[in-house]
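As structure tokens, the structure follows; a few thoughts come after it.
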């Protein structure tokens, strides 16, 4: 399977439109205010595809994941899973839906209950979905299958999480997510807590599973080299909005949004040859999500910002083939295949993006 | 298929499948590490044994009055073993009464603590898990109980209904519920935001199952520690009730009642109140020692204190089993 | 302007003054399962104006080494051997009082956990000024003035106002800067920075690294940078010291070590970094996971995961010995690796017993 | 506030050490000093004959009536009594005492709606007619012949006519040797000698009352020199030879309610009397100071019979009586509630346990029920609770302050008596005769009543005539008498030597 | 804060209503205040006069109506204004409680901090032994022994009463024991935790002395859990240190309360309870303010082992309770 070959015939598993979510936070003495963690998110995931989600810490990646998992109630917007709105589900239908979407949590230490054994953790979903595997024999069989699938031994089922290494714990988390045969797995920074020497094992495992089972992934990470390696398409988030989407290659090699460019440029490179000659180092901190900047949210840290950025929220800018950039709302083709960004002054070349290596 | 997966090559520890071991050495070994806690455990075990078998052994001795043999001093072998701890103002054996009182005392303290523990904890856990309005309401109820003069409650209930053991237990339990409730709520509110609870939610697990599976096992050690401490409090509270004349009623006898009744003889027959007082203090200290240990033993961040192989001073000397590093040098 | 364009760092080859010299450092930790040596026989040197990177996976003993140098080990841990010399003075031989005097002006440390290392109940100004009050006997006001200056130096906007803010009112990146400011307050000769950017994302990481670099150049400090990010090491450090399970496995100038690793672990690490090859391809990974410290086998610490492990590796722990120019490696077969034979994982090593799982009992 | 008051009081305490203040420590704070409530022990002990005075006073030792604010009292028909009042008496507010005041006092206590305790206790429901003849003469007319009306009047403490007759007054104005200075609620009552007192000036110019509920603390205050007189002590309080005992007029008895099995049978009631080892109780629990009792009134009270025998301790007889009753079909295993009031007198809990044990030995099923005052009262006074499981046996402590058995038997022995569980028509008749009798006839008539109760009714099992104990510091002289616990006359206290 | 004030005022009302109802369950006061041989008519009269013949709800309505006019009713026992009686007794209790808590807190901080420096060391063991013993001795017993030893045997102190500073020693010493014991445990625990936090290492890395580390950095962070427990203990003392007040003749509210219960003096009881509940209400607010003073994060997240990142703003989904630092305590409210 290759990066550029997006199979357009495969149906969408998940479609998210205009999703918003805000939290009420008490801001010291001044009472409580709304924090817009998600502000009009649009995205879609195809069957068997991996969508990468990158962005600064606190930009809302986890909130998006949690909202998709119905751990948070969105303020507005729609979520369609195979065309249906999961938030409307109740009772049996809800349970059935829960079975199809699963999540692997960021922290392999916190997401496993230290007082349970690996076996108990992995078969925990069966206790709720009793009809899935009837009888303890069937469950044990399935448990062993799962352990095998993620590369653990049957005897590991009796160990507690603290007896496992980080990579093995993450495998337990993955096995638990697989227990119900989901169609979509949301992976919230699945490897960020892992050692480099183990990270590759988990990434390989995920890859294998996708090829075998055809599941879709939403892969959240801030490690760009990992994202580049595992995803088909990437969405870049900044302060609760997706500011750029496109195929992995497009986004990484030909970023449109200055923020994406800065992100790509700032990530350290192991190979001196890959190191950009001129590196963009952003100044300033991520603005408070409590009062995001007007107009373009990135303008406070953007080196290309002009007056218009403060007053007008940019439209989506699409990059069509051959590197030309067209402004305005895309007119042709389904949007999720496009490479687009929200910017008044998109970056025009790799050199401007600070991506041209020294050598 | 699966062969292509990169399986972990080998596990660090191999061995047959074994039952889960919650990490580290067993509780029993950790108990032995702490001499004070061991002593506490032995004392408590002794108290419990006395409560179980003592009254049967003592038979009539505890109630047999002898008005001509009043207030005899203790530790006088001439009076016979039954009076080794002296006799009381009605000529009864203090030893026998202490033994019989052990049972009553525990029969008040243990159920009172248990009831408060179970009710308060479950309620608190429930409130903390759901947060929001349920939590606020529960905490207000706890506030009410706390700011209600507990003595008033005791007096009213014990007057309206008789001061029977059951009523005393009820009162002591009700007034102590908020203590557990607050603790359980705080822990549970923190736990419900943990990732493994979120994970359980994503399977569609119902709140009550999550509470039972993920919250209660975690809060139990804290609450048990608390309960051990509360045990002392309840014994003291019972003696205060006796002081006010609404505690355990004669001919029943509890340590608290013995202290309260013996107080007027403090100067003429000190043993009447000092001995049961000592029984309370020793039991309380024993329970506290055990609680202190339990608190450490169940706290993963502190547990190492109980499990170290050598005291700190010796560690600076050449360390014990030397890893191969030095040899290779 | 908002954007700052920097020259990528080129490695200086100056033979500078030694600031820190660690020799054969051993640290023991008492654990429920017995005393374990979490740091064994670690030696390295940091030079003035240069950065030494301590690289290794989580739990390999980087932080413990740093704390041992700073004399801030947890109560369960203790230095069991070796020497730590700061500009010629043996830190381990010092009295607590002398150590306190060194702490600050001699040695500054940035702790790993920026988000909790600041005392939540005091303003950052108070905390920044504390060092001046302790070592320079300043009063509150003077210390505050210094604090403002420090904050300005680490690039916190409006420092006059923000000295009165509390740690929770700062973002992670800012807190990390405050910690760095605190560590460099008294212009120490040595700065130890323990994973100063792990909790942060790349754009902030770049800012922090830039700051560290600037400070090092301004003050001409020796910096010990602890990290597990290969790329950061590659970009920031002059020398690198790679640790595995409490032992130094390879040491040398970054450029040499990364281009010609002479230890199979270094090699494995470098290979498992996702390169921009084909999406969907398997990454090469090091099988297994790091050993638990209680169960470190006799012989080579890396033997269980090493593709070229031989009988000798099970019997004898390799010493750190020269494997190239300024380069040291603790592998029995470092010559083979440095000769460029570069045995890939599948390649046939010298008398390799195959990488099949070996039952634990054999070595323990 | 306490801090302030303790500052201001510390000088008072220092003065006390100098010896001009008589310091008394009581068991409890008087709820009020209202004169018409002075038959409440806690009020009377402060008020009576110290702050206020009655018209006529009964000598607690001889039992004779003696003049106080009235110098003479006469009656021809025992119905209309004429009192001659003392002249030259002044109230603490400086006004003169006249017949108006005496009349107002009686009117206020007996005829008004004030609900004074003394009204119910000493006078019946009937009102008295009052006629002020002149400033020094008062006529009091009872609705029917009342030979002991002067004795009744001795309970009334005289207050000025201006005193409100619709509200009770917490701090009375009297004619007594001491006048009230300051009542610091919760802490102390201070009084000082009244300069214009008609009689002899008291030895101590100042007096100070405090209260501590723990006996041992009161005793400790005497020992440590913080107080001169402490009331209500018991031997265990370790007061040593500073404790002075005195017969206090109180008698302890068990009242058996004959309406429920097993007390329906007189043999069971007799068995109770036989089963109790009164002599042992008196000797061991009460250190031999109390006297085993055979009747409800102690010596010195009109009607007390010296010759009436105390029931002997005979456990065997008790057992056989119970067995007989059982054979006769009485349910002797029915539960008996022994109702006892907590902390009513020293060692009451021990006494309860001893009684329970001894009655159990006799084959009865006794359950000890310790109650607080309010609940105990519901058992003590008619109408009695009926919902109690089993029969009721009430421990009662009766004090006859008046010195006449009429005050006892009317209440405790008549069929309808407020504190009588049952009676017989014959006994009622005997009591009516005794009430009307005078002189020596009166004495023998009451003796007859008591012996009839012991032989034929057996409502009571008498236990002991009690003694009180007073702590007296070495610095003071005082001879307690049988009424000391009800009226502690400070004027009778003198410095030692 | 305003929300907190409103929500803590609710218990105030409930407590008063509860006491009102409960008190009336203990039976009519008529027999206590009427002569023994009072007639039925007199009883009925008495009951009607005091409004006890009405349904409890009506009585309650009247009572609250009275409260609005600041009429708290009159004491049956003394005929005084009930509020006056309660207000007279309350300062005595309050002063005793304040004194006790101040001493207990100061002592507990010293002992608890010293013990925490070397967990499980000799000093720690000794401190925990002493504090446990202190917390588990029956107070009345201690009081009587104290009088015996210090007032009679040694003659150093007055036995009882409120006269002079010396009179405070024994009651305060008796009362201090339990709070002291409980607080030592709490402070020790919190200090152990606090001393192992990273910021302590940071302070040491600046060359701070041990004294500075303990008093400057650890103590302030350990204060929040201690504050919770101290609050509970103070509530216990405010609600009346009945036993100690009884023994030492301390004219406090606890004694007044128990007396008015025994005497069925409802108005006084209600006034007392209203007053203590009000004091507890104020205390709770003060404690909240104390938290804010101690911890700039206002909401005490200190105790919650926040694994997640501390967020720049305090998070509040719905108006929920703050997660208070939880600390097992030996004893708080006293009977």
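A few notes on this one:
For reference, chains read A, B, C, D and E in written order, and residue numbers begin at 1 within each chain.
We take it that a residue touches a chain if its C-beta (ideal position, glycine included) is under 8 Å from a C-beta of that chain, and two chains touch if they have at least 3 such contacts.
Quantities reported herein were computed from a predicted structural model and do not represent experimental measurements.
Within the contact network of the assembly, the step distance from subunit C to subunit D comes to 2.
Looking at which two chains touch through the most C-beta pairs, you get B-E.
Between the CA-based centres of subunit B and subunit D the separation comes to 49 Å, rounded to the whole angstrom. With centres defined as mean CA coordinates, subunit E is found 23 Å away from subunit B.
The set of subunit E residues that touch two or more partner chains comprises 26-27, 144, 148, 196, 262, 307, 312, 317-318. The multi-chain contact residues of subunit C, meaning those touching 2 or more other chains, are 171-172, 199, 282, 285, 287, 289, 305. The multi-chain contact residues of subunit D, meaning those touching 2 or more other chains, are 216, 372, 374-375. Put simply, subunit B touches subunit A in their complex at residues 1-2, 4-8, 11-13, 15-23, 194-196, 198-206, 209, 213-214, 217-218, 300. Interface residues of subunit C, counted against subunit A in their complex, comprise 1-6, 8, 57-58, 157, 171-174, 199-207, 209-210, 228-232, 234-235, 255, 258, 268-270, 272-276, 278-280, 282-287, 289-290, 305.
Residue ranges of subunit D in contact with subunit B, taken from their complex: 215-216, 234, 236-238, 277, 280-281, 283-285, 342-343, 347, 349-350, 352-354, 356-357, 368-370, 372, 374-375. Every residue of subunit E that touches subunit C in the complex is listed here, in rising order: 196-199, 201-209, 212, 217, 220-221, 294-297, 302, 309-310, 312. Interface residues of subunit E facing subunit D in the complex, by the touch rule stated above, are 26-27, 29, 31-39, 42, 45-46, 77-80, 85, 88-89, 91-92, 95, 144, 147-148, 151-152, 155, 158-165, 167, 246-249, 251, 255-256, 262-264.
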